[in-house]
Amino acid sequence: MTELTKELKQSRSSRFSDMWTSIYSNKAALTGLVIIALLVVCAITVAICDALGIQILPYDPNLADMDNAFVAPCAEHWFGTDQLGRDIFSRVIDGTKISLSVGVAAVSFSLILGTILGALGGFYGGKLDNIIMRFMDVILSVPSILLAIAFMAALGRGLDKAVLAIGIVSIPEYARIARSCVMAVKANDYIQAAIVSGDSNLRIIFRHILPNITSPIVVRATLGISIAVLDTAALGFLGLGVQPPYAEWGDMLARSRGFIFSAPYTLLFPGLAITITVLAFNLFGDGLRDALDPRSRRR
Amino acid sequence: MLVYFIKRLLMLIPVLFCVSILVFLIMRVFSPDPALIVLGQHATTEKINMWRESMGLNDPIVIQYLDYMKAVFHGDFGYSYFTNTPVTDELLARLPATIELSVLAIILAAIIGIFLGVLSAVKKNSIIDNLTMTSALIGVSMPVFWLGMLLIILFSGYLHWFPSGGRIDTLMRPMDGTGFYLYDTLIIGDFEAFFNALEHAILPAVTLAGYSMAIITRMTRSSMLDILHQDYIRTARAKGLSAVSVIGKHAFRNALLPIVTVIGLQFGSLLSGSILTETVFAWPGIGSYSVECILRSDFPVIQAVVLIIAVIFVVMNLLVDLLYAALDPRVKYSEESA
Amino acid sequence: MTEKNQELLLSLKNLCKYFEIRNGLFNHKKSYLKAVDNLSLDIYKGEAFGLVGESGCGKTTLGKMIAGLYHPTSGQILFNGTDLAALNRNDRRRFCRDIQMIFQDPYSSLNPRMTVEEIIAEPMIVNHTHDKAEIGPRVEHLLNCVGLASSYKNRYPHEFSGGQRQRIGIARALAVSPKLIICDEAVSALDVSIQAQILNLLADLKEEFGLTYLFIAHGLAAVKHISDRIGVMYLGSMLEVAPKESIYNDPRHPYTKALISAIPVIDPKKRKERILLTGDLPSPIDPPQGCRFASRCFMKCNQKDETQILKPCAANHLVACIKETPDPKHE
Amino acid sequence: MLLEVEHLTTEFATRRGPVRAIRDVSFSIEKGEILALVGESGSGKSVTSLSIMRLLSSNGTILPGSSIKFNGTDLMTLSEKQMRQIRGNRISMIFQEPMTSLNPIFTVGDQILESIKLHTKLNKKEAKEKLLHLLDTVGIPNPVKRINDYPHQMSGGMRQRIMIAMAMACEPELLIADEPTTALDVTIQAQILDLIYKMREKFNISVLLITHDLGVVAEAADKVAVMYCGRIVEQGTTEEILTNPYHPYTLGLLKSIPRLDDYSPRLYMIPGMVPPPEEVPEGCAFADRCDRCSEHCRQALPPLKVIADRKVRCINFEGQGNL
Amino acid sequence: AALSRKPQDNIFYATSTDPLGLDPALVDDNDSGKIIGNIYESLLRFKNSNTEVEPQLAESYEISPDGLSYTFKLRQGVKFHDGTPFNAEAVKFNIDRQMPENLVPKMSYAGLVYGDVKSTEVIDEYTVRINLKKPSTPFLHNMAMLYSAPMASPTALKKYNNNLMQNPCGTGPYKFVAWDRGQQVIVTRNEDYWGEKAAVQNIIFRTMPETSARVVALNNGEVDIISGLDANVIKQIEDSGNMIFKTDGMNVNFMFYNINVTKNPITKDKDVRRALSMAINVPEMVATLYKGYATPANTLLPPFVPGYSPDVKQVQYNPQEAAKILKEKGVSTIKILTYTGARFYNPVGGQVLAEAVQSYFDKVGVKAEVLAYDWATYKNKLATAEWDIGFMGWTGDNGDPDNFLNLFASDDPINNNGLWYNDEYRALIAKGVELKDGPERNELYHKAEQIMADEAALLPISHAQVIAAYRPNIKNFSVHQVGMTFFKDVVKE
């Protein structure tokens, strides 16, 4: 009896544990995961402390301290200070909040819309599919960052708008993936079996198709966050990003441009922060893909 | 082939039509009124109205759109709000710089990317592979503009190897010509100027190429690995072909198909990447110009830039598809020939 | 076994399935791929009907039309007298519990995200054939029926071998107690030793549940064991239908003859002269005029004028060949 | 003796550790002979053939102690370069999947010419003549036109013919055919088998025919080796093995095949399943499915018994298998 | 023909942006002005060191006693770069082009320069008379301005469709050669110049958007002169042995309160405004932000402009008092609207400035929210959003006090951003335009300025200095208060 229950438990979780083992044994993916976890903890802690009015960062990231402008990295200011004497370390840490939230929000937005549109198109095919995909073609025919820039140039800066701009431009990505996955899944005999069993379309979509297309979409979403973080930074750099005085990495870089020779540290750390964040999501996404890759499993 | 080509070309029309509406909506409907800044510090409300009238901004939006499109078909993208010169002139004057840089970058990215990708696929899991893949991963993770600034600090700030901006030393500037300096200087045989222009182009080209190079490397590697597992590679080896011919002929030619697609798509992202790169390097192309225009809300210019890049992008994609078709005999243009 | 004393379960009348193929500029030129062309067939209650033919001749398409996966271009599918082809999708669903299907590829026919129990319970749930409380025990019962331990019900498909998966597929098909099961190459993907197991299982289940089979296969060997009657399909139409003994001992159509002679015989002493067909199956987009088989036929009668239709030639034996003069006795 | 394989053992490095795909496989082929290697999926047939060609994927190694003598030279000792002289020239190969075994972006003519050019010193014109001749031999109608076709423009049977033409390009001494007909229709299968047979007659080559279909064996082979779980369990002439199998596995296999002349309602079936390669037991791998199995079988690997020109790896075999 | 590659023949002048264009009537930006000043000339010009006027293309002028007509005697033998002779017809052509009936919207200075002109008469070939609608003291100053006033070739104007943005043609010491978009404008010596010819052959106005890049280029010797500097880079330049030129700029940078734009903002209350102004230590802030390259402003007027008075009393810095008042008034949060980029009068940019102010408010217990937008959006937001404090500035055009002070006598929120209404102030400004320069006029402006200070309509912050840096081998280099360099006399050794 105990033997049996143990066996059952194992088999139930085996899919998950397989994936976990695969990630766990992939050093790069694990590193990515750990960094992401750290970043998330940073962002959440900062946000909570902010809301409660507790100062957890060494300095207020937005408060100018004119007497201490352009202090090179030292014991008091690990990453130095900027033109207004604000502590770069505090600002970089504070910036995690923005980058992650814009990334996650934008990806969620495009993921939800894109998946729904793509899945509908892929499942029903025909005219609906044609209309949806032509619409996606329109968005796709403008390079995504350019479109985001155009949006921001017109709408003006702001957190919500950045999310919208970055989100909209990546909808087609998800729609395409969802669509091709749905079509691939649809070609499987188990869908035919479901139809023969008398399942309704809705049931087929939710019970048979969606659970089977999550892996590639989740992988894409992980990588999508990295792209969204890069895009946020690019918008910030062009002066189109998040509303100041929020510490946003791209904006910090833009402002340190004037001092690249006189105070290079002002541009080193925000840039590193972006790179590390993006790298972490890329590492994890790649690992996740390997773990979920159907080619490395089955048969 | 011709039928397929025409068909694809005709399919572009509705897409581009919708793009134009989209861009027009973004720029005209959702954007702030630029009149206040266009007219400088001596603007008055009365003058602003006059200006809006003269720009046709008081017409119904549909009329505005139709007028705009009518003009666009005649190659007229309207007038810059600021300089009051035709947008077409402004862009044409800057286009050579951007094309020169993009072409240089895509060549760089393609050659190096493919080379490294093939190398690491063939030497899978070796030190070279790990090193290449790590660099490629960092390459796709680094913001272009940051990379650019780091390169400037290193190569022009400390090492003084390359200039930090501009296209050529002014005095070497070719006096008349196409605007493609590398070409112009070569044509007149002014090698000093040619190398000067090249020197200026290297850092921005490397920066711009960085991301695409990384993507192409990764893509090449995975596509090569895919192909190397195919049955026909086993067939080729069973024939007694050497590793070089198996990889170079049988594997690479097949792997090239997805790579060509990626390179084509990268050209589009390169064009938009040039917005950031040109800004960092003060490269006088449409990229840096559009940033300038974005910052002062010169919407006719932004609108034109987005439209033009969309057209280039879409046409590039078409070319890539055609090239793909030319490279892959499996793609059929139409059933009739069969 | 005579037709007279048997109850008709399924009757296909002039069934056609044309797939539209568009090409040309703007996709305006249409041509049709005639996957199933003007095919008529009767299947009786309790029999196993074997359907053989080369790859691409339209066997699967036919099976899918009966199972409701494709809508016929024209013709009737009379199931117990009801024309399924005339029903809309919702009405057609009421017949799902009567007609089930077993698929060729055991790897793709089971949803990898569902447990075995969920998979087998699915048809019962959507067809409301059983109460919630009944479902659990019934799943275990079905698993036992197909020779699997009931403790397997909480596992996922990827934990099973191909043969075991095929059993799960069979259990799913049995769940709603169907009257007709369509087996589309149900054993082709399996190893010989496993093939035998599944064929036996299907034969046993047929006896136990009084099932009717439409058994689709490439080769004659596999069908033979399980079928009562066999139909030979070629390029979307039926060339010959007869009880299996007649097909093997007295094939009338040249294609059937070639097909039988192509079956390798295990006995090395009996290495026989083969009838080797030349060429491949012609394209179903532009099927040859007249006799479908004329282009590969070794009889060289070059029948280009008259499309051959099934005509009786002996007791319970239908054939579509000009060389076979109808047997007036059986007209 | 053209090919003598002795104690061939091949191992794959996998995530779950090393997997021995074939163990101690020995057999030999004489000139002009067709040897069939039969066994169910996963029994190691392809690995055997790839080991002979030294074309294993990078995670596979042939363990020391194995020897593959071809015309007296041990292929194991050859350098990669010397091996290339043999591949496609003296030993050539055709594969199961005609759909994927040809390079999709070169014309079939080019792909065959490549082989010819690689191993012969013919000039362009001669090579082309040879190509046309070859295509004619393998029964491709209208070869002049067909050489410019791409693989996707041909049917499965045609492609398999192209594969054969490519294999025969340099008139090899040994042809390894790995399930050449499995993916094809019965009528086409008959054509291809017939072709292989003809080639053997015409060029007097030896063939290692890999298949899981005993029917194909009966039709084509002179000798048979039966594989189960990476080992050869029985070996002998086709006639003897098919009429009088010693090993219970061979017997079961033969009995479970539907026969045209047999009208019994039930097929014989071997109980159980083939164990996955990681879980192959120490003793006889077939023990669990065998009705004659004894404790001995489970404990130690039964030795290979040699009876006249037959070999069988079973301690309980009956002298006369009754079919 | 190719440019001479001899170093002393070329002066490179690097600025941050491309000019908008090179037609004086159609532009209003400093980057265009720098070039225009060397290609074109006006009837009058500012003296080298201040904003007093002296003749240029006019040899002399007479003003009628009622102040309504100005008669100019023109210099003879002057030719435009395209060979067109300069004469009274040309003057009339240039002025008529900017009369209301011919106005195109981009002629943003036409109203300021010629707004009071009634008609222009050609008396003879070299005499021209301009009639005004009402007396205007700033008019003579206007005739020396960089924008609108310079004389362009009528032939060229006809040829290029009334638009010389890309084909400038004047009478100045340099003539146009080429404009590579985003890179440079090249001008070369006018060998037919009527006066003493320029010393250096070519001037190349390079566009280098990044301050740091300009500094590096200067220090490397790639360019000879750079402008658009901020305080942070001065030391670096001096350390490399290069020279800094600085002069007081004719501009003002100020913070203003929302008084009547939206309905009843907190800052409608004069005491709140005063308290907020009191919270900011202007001199300290200016010193840290601008590092000595801007002077704290006492009033809107730069010290060298007539009418300036050091005696105007602004609200004094007093954080305790400010905190007290603000607490009493219940002001705890405040919304600051600002622009992101740098402006001529505020080289560090509006956002940095606002953030500095924000930290001062923080010290008196007021939490300020800073909303920064690009310039266009910012301007729109001023009219539509909820806000309490904004930032703005003004660059003087002609050195007349009216040019600064009349902004706040306007009903147009585009000029009078906070919509501050004060009748007394308005009356004083209206009177000032007509008074002749002199103590009486100055006294009147003094009074007006004090009213503005008492009402705390705005808080003057700084006057940015015009800073440029140049290599030591450049001689006679100077930048005029209006922001441009006349290259005629500059020498490169």
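A few comments on the model shown:
Labels A, B, C, D and E are assigned to the chains in the order they are written; within every chain, residues are numbered from 1.
The rule we apply is simple: a residue touches a chain if its C-beta (ideal position, glycine included) is under 8 Å from a C-beta of that chain, and two chains touch if they have at least 3 such contacts.
Small disclaimer: the values here were computed from a predicted structure and weren't measured.
Among the remaining chains, those touching chain A and also chain E are B. Should one ask which of A-C and B-E has more C-beta pairs in contact, the pair is B-E.
Note: centroid distance chain B to chain D, computed from Cα atoms, is 53 Å.
Taking each chain's centre as the average of its CA atoms, chain A and chain B sit 24 Å apart. Averaged C-alpha coordinates put the centre of chain D at 91 Å from the centre of chain E.
Averaged C-alpha coordinates give centres for chain C and chain E that are 89 Å from one another. Among the residues of chain D, none is in touch with two or more other chains.
Chain C has no residue in contact with two or more other chains. Shown for chain B are the residues that touch two or more other chains, namely 32, 157, 279, 294-295, 297.
Residues 210-212, 215-216, 230, 232-233, 236, 284-285, 288-289, 340-341, 348, 351-352, 355-356, 358-359, 362, 370-374, 377 of chain E touch chain A in their complex. On the side of chain B, the complex with chain A involves touching residues 14-16, 18-19, 22-23, 26-27, 30-32, 137-138, 140-146, 149-150, 152-153, 157, 268-269, 271-273, 275-276, 279-280, 291, 294-295, 297, 299, 302, 305-306, 309-310, 313-314, 317.
Those residues of chain E whose C-beta lies close enough to touch chain B in the complex are 1-5, 10, 12, 17-18, 20-21, 26, 28-29, 104-106, 108-109, 111-112, 163, 165-166, 178, 180-184, 186, 204, 206-210, 213, 216-217, 220, 222, 341, 374-377, 379-380, 383, 394-395, 412, 414-415. Against chain D, in their complex, chain C makes its touches with residues 54-55, 161, 163-164, 191-197, 199-200, 203, 218-222, 224-225, 245, 248, 258-269, 271, 274, 276-278, 280-281.
Across the interface of their complex, chain A is touched by residues 64, 67-69, 93, 96-97, 99-101, 103-105, 107-115, 122-123, 126-127, 151, 154-156, 158-159, 169, 172, 176 of chain C.
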